[in-house]
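The structure that follows is given in the form of structure tokens.
The chains carry the letters A, B, C and D, assigned in the order they are written, with residues numbered from 1 in each.
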Amino acid sequence: MQDQDAAALLCDLARSFYELGWVSGTGGGICIRDGDRVVIAPSGVQKERMRPEQMFTLARDGSILCRPSDASLQPSECTALFLKAINLRGAGAVIHSHSMHAMLATLLFQREFAISHMEMIKGIAGMGYHDRLVVPIIDNTARECDLAESLEEAILNYPAAHAVLVRRHGVYIWGADAMEAKKHAECYDYLFHAAAEMRRMGIPTSMEGDIDDASLSVRRAVTRDRA
Amino acid sequence: MQDQDAAALLCDLARSFYELGWVSGTGGGICIRDGDRVVIAPSGVQKERMRPEQMFTLARDGSILCRPSDASLQPSECTALFLKAINLRGAGAVIHSHSMHAMLATLLFQREFAISHMEMIKGIAGMGYHDRLVVPIIDNTARECDLAESLEEAILNYPAAHAVLVRRHGVYIWGADAMEAKKHAECYDYLFHAAAEMRRMGIPTSMEGDIDDASLSVRRAVTRDRA
Amino acid sequence: MQDQDAAALLCDLARSFYELGWVSGTGGGICIRDGDRVVIAPSGVQKERMRPEQMFTLARDGSILCRPSDASLQPSECTALFLKAINLRGAGAVIHSHSMHAMLATLLFQREFAISHMEMIKGIAGMGYHDRLVVPIIDNTARECDLAESLEEAILNYPAAHAVLVRRHGVYIWGADAMEAKKHAECYDYLFHAAAEMRRMGIPTSMEGDIDDASLSVRRAVTRDRA
Amino acid sequence: MQDQDAAALLCDLARSFYELGWVSGTGGGICIRDGDRVVIAPSGVQKERMRPEQMFTLARDGSILCRPSDASLQPSECTALFLKAINLRGAGAVIHSHSMHAMLATLLFQREFAISHMEMIKGIAGMGYHDRLVVPIIDNTARECDLAESLEEAILNYPAAHAVLVRRHGVYIWGADAMEAKKHAECYDYLFHAAAEMRRMGIPTSMEGDIDDASLSVRRAVTRDRA
């Protein structure tokens, strides 16, 4: 895949993610890697209105190989985080989503999102229907780049995960290429959504029960405070 | 209808179903039959990005009559299940949806989804407003093809149904042709959604009461466990 | 407006209403009147896939002035109901929607939907922000055409309303022309949605309180039955 | 930016806002300023169907510099309110949204909407992740133009806010230019939505607790009335 093909695909996917509510308010983002070249969006732009000629091409160490002619543009603030998934896991594409379902999952679970016995789990590489799918949750930081260290730790500690949730923020999701990353993003998002609906119905999200139920302890604390 | 017309319609419907959230993450699918030829999508592809030249044509026994030039493609894993509805019920098209509403219906009901006194029931062939619409629910299996036996049993046991729900998974829906299958899919999905909203309001979904309310027993068990 | 312009507008609006979820499963519909000619869709077709040449033109008494060349088509089953709003209220267009919000409103309220102190009330002709907007609810019947009598009664009894809700079914909404009918439909739908959210939060939908709260009495009955 | 470019952008954004549900039923609106010229939509038109040649150009004092050839059109009723944000805060664009999330936020909070520790807060100019984002809420009036005084007061009293909520109505949001106003509108809308979901889960929306929780007091009053 040439840089310009990756850039066109990136803009196309970003438009689609905007329609899903994942990258509104200039938030969220995506990068696509081809070999040692990583095509990445600029920082702070409306994701559904990007054009291929605004994209950057980076090396895997983050150095800029190719920049857009508009000198006011800077590479996405997600760059350091995207490169973690690329360099630690060989990701061919990384999606950063501010999906409401992902954000709410970080309020419903404390350290790990967990769900089992859902067909959509099979959409995640290496996972089967009966497996307990786990996504680590890291705490948010004031600046996006300050997430790099804890993201790296989570990636290393959860080798079966293809995603890391960020508390009160969103999620980073990757795959072997753009199509797998998109597939993973859609499956994880479905599962975050399903988990919230199940919690609302009082149904445990995994067969071992909801050991790590953040909302319960928060709710208890709140109830105590108000009593 | 020629194979290429069926293939074009199939891709068009798949895009529309993706926008409805029924076939995200490469999940779900659709096939269209014309006489003894069944046009069917390949396995594991993004359903909203399929092109007509990627489709397979099968005989009613599942043997491949025509395959796409891309040799890496395989027929959808739903094939055996689609053929059940075609051969047992004469379906002209079958839709497999991972709709959140369908999936949640399998958590709210135990063995059968049931609803009565809803206008949208009239959209299902053979049903009237006052009828009690029933959809059997079968348990999910680790592999899609392992559903074939219980799907067949459900189809035979529920001759008035044009759909079978699969627990924690989704639903198979069929009709005499593509337009009826689509109409059925839209009506069933509306009814699954309506039932969840009614449960939330404490309103019975059918006039005989909610005898088969899975969530109540699950919730009771959970409450017991936590008490 | 010529018949063909009305037909094109009708198909365009129907596509838009499908995207809003108002006319799925071939349900719902729309007609547009110009003088004494009423352009109306055929029965049982996918509303988002209609073409202008499939439309009928009727006189105000329902007699067919012009029919599509496809002889298998019949005028919409809503025809008698559409003509009530046209002949009793001079409507220039009538929209029949199966919107989930409209349907659920008929479960939350018994004889009348009522809401006050909402900006969107101002979108309904003749209504101001402080007014109590009321929409009558009639019971559904097995056949659409059997609604005609109770619809007429409701239209006559509620001269300030531009809509009639049909229990467990949907809503009929009209306006002086197609654009006003569309505006009314969007405003009423917003208000049905808002009312459900307010009920969920325990906030009265009109300042005089929720005297006519169907769900409360249903819930009480259900609780009694289960106790 | 020439008037015609601003008019084209305005129509384009209005279509997009309609799809988000912010400007249905002819409600809501947008204006874009270039220097001392303010391009603004006409009153009472379907926002997603506007054409650039229907736009007005006003001076910053509201006088009409340029009007559409269709003499039946009048400038938006939001004009006086849009000019407040322009003249008091130097806004380059103002968006008025009837978003359900914004409207519901005015029922969940009494005098101020407040949220903290959410990534999307960073999308609002001058705000960081740890900041407590506050949006003042003013009471609605029978006529849109009667909001001008209380809107001005709220704008002056809340210099860090880029939005003012209007009870049971919606929200006014602005930015330095059209793209910042759009970014602000998307971020605020996300935060209104998130706050409602958090309330539903019993999670405080800001770390100092929900001191100003309108729904609690309303619910208490309602419960008292019914007891």
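For the reader, a short list of remarks on this structure follows.
Methods note: a contact is a pair of C-beta atoms (placed from the backbone, for glycine too) under 8 Å apart; a residue touches a chain by one contact, two chains touch by 3 or more.
Here the structure is a predicted model, which means the values were calculated and not measured.
Shared contact partners of subunit A and subunit D are absent. Between subunit B and subunit D, the least number of touch steps comes to 2. Superposition angle, subunit A onto subunit B, using Cα atoms only: 90 degrees, a multiple of 5 between 0 and 180.
In the contact between subunit C and subunit D, the residue numbers used by both copies make up under half of all numbers at that interface. Averaging Cα atoms per chain gives one point for each, and the point farthest from that of subunit C is the centre of A. Centre-to-centre spacing of subunit B and subunit C amounts to 29 Å, using the average Cα coordinate of each chain.
Centres computed as Cα averages put subunit A at a distance of 42 Å from subunit C. Residue numbers of subunit D whose C-beta contacts span two or more other chains: none are found. In terms of inter-chain touching, the protein chains here make up one closed cycle, each touching precisely two others. By the touch criterion stated above, subunit B contacts subunit C in their complex at residues 117-120, 123, 128-130, 179, 182-184, 186-187, 189-190, 193-194, 197-198, 201-204, 209.
Partner subunit D is touched in their complex by these residues of subunit A: 24-27, 46, 98, 100, 103-104, 107-108, 140-142, 166, 168-170, 215, 218-219, 222-223, 225.
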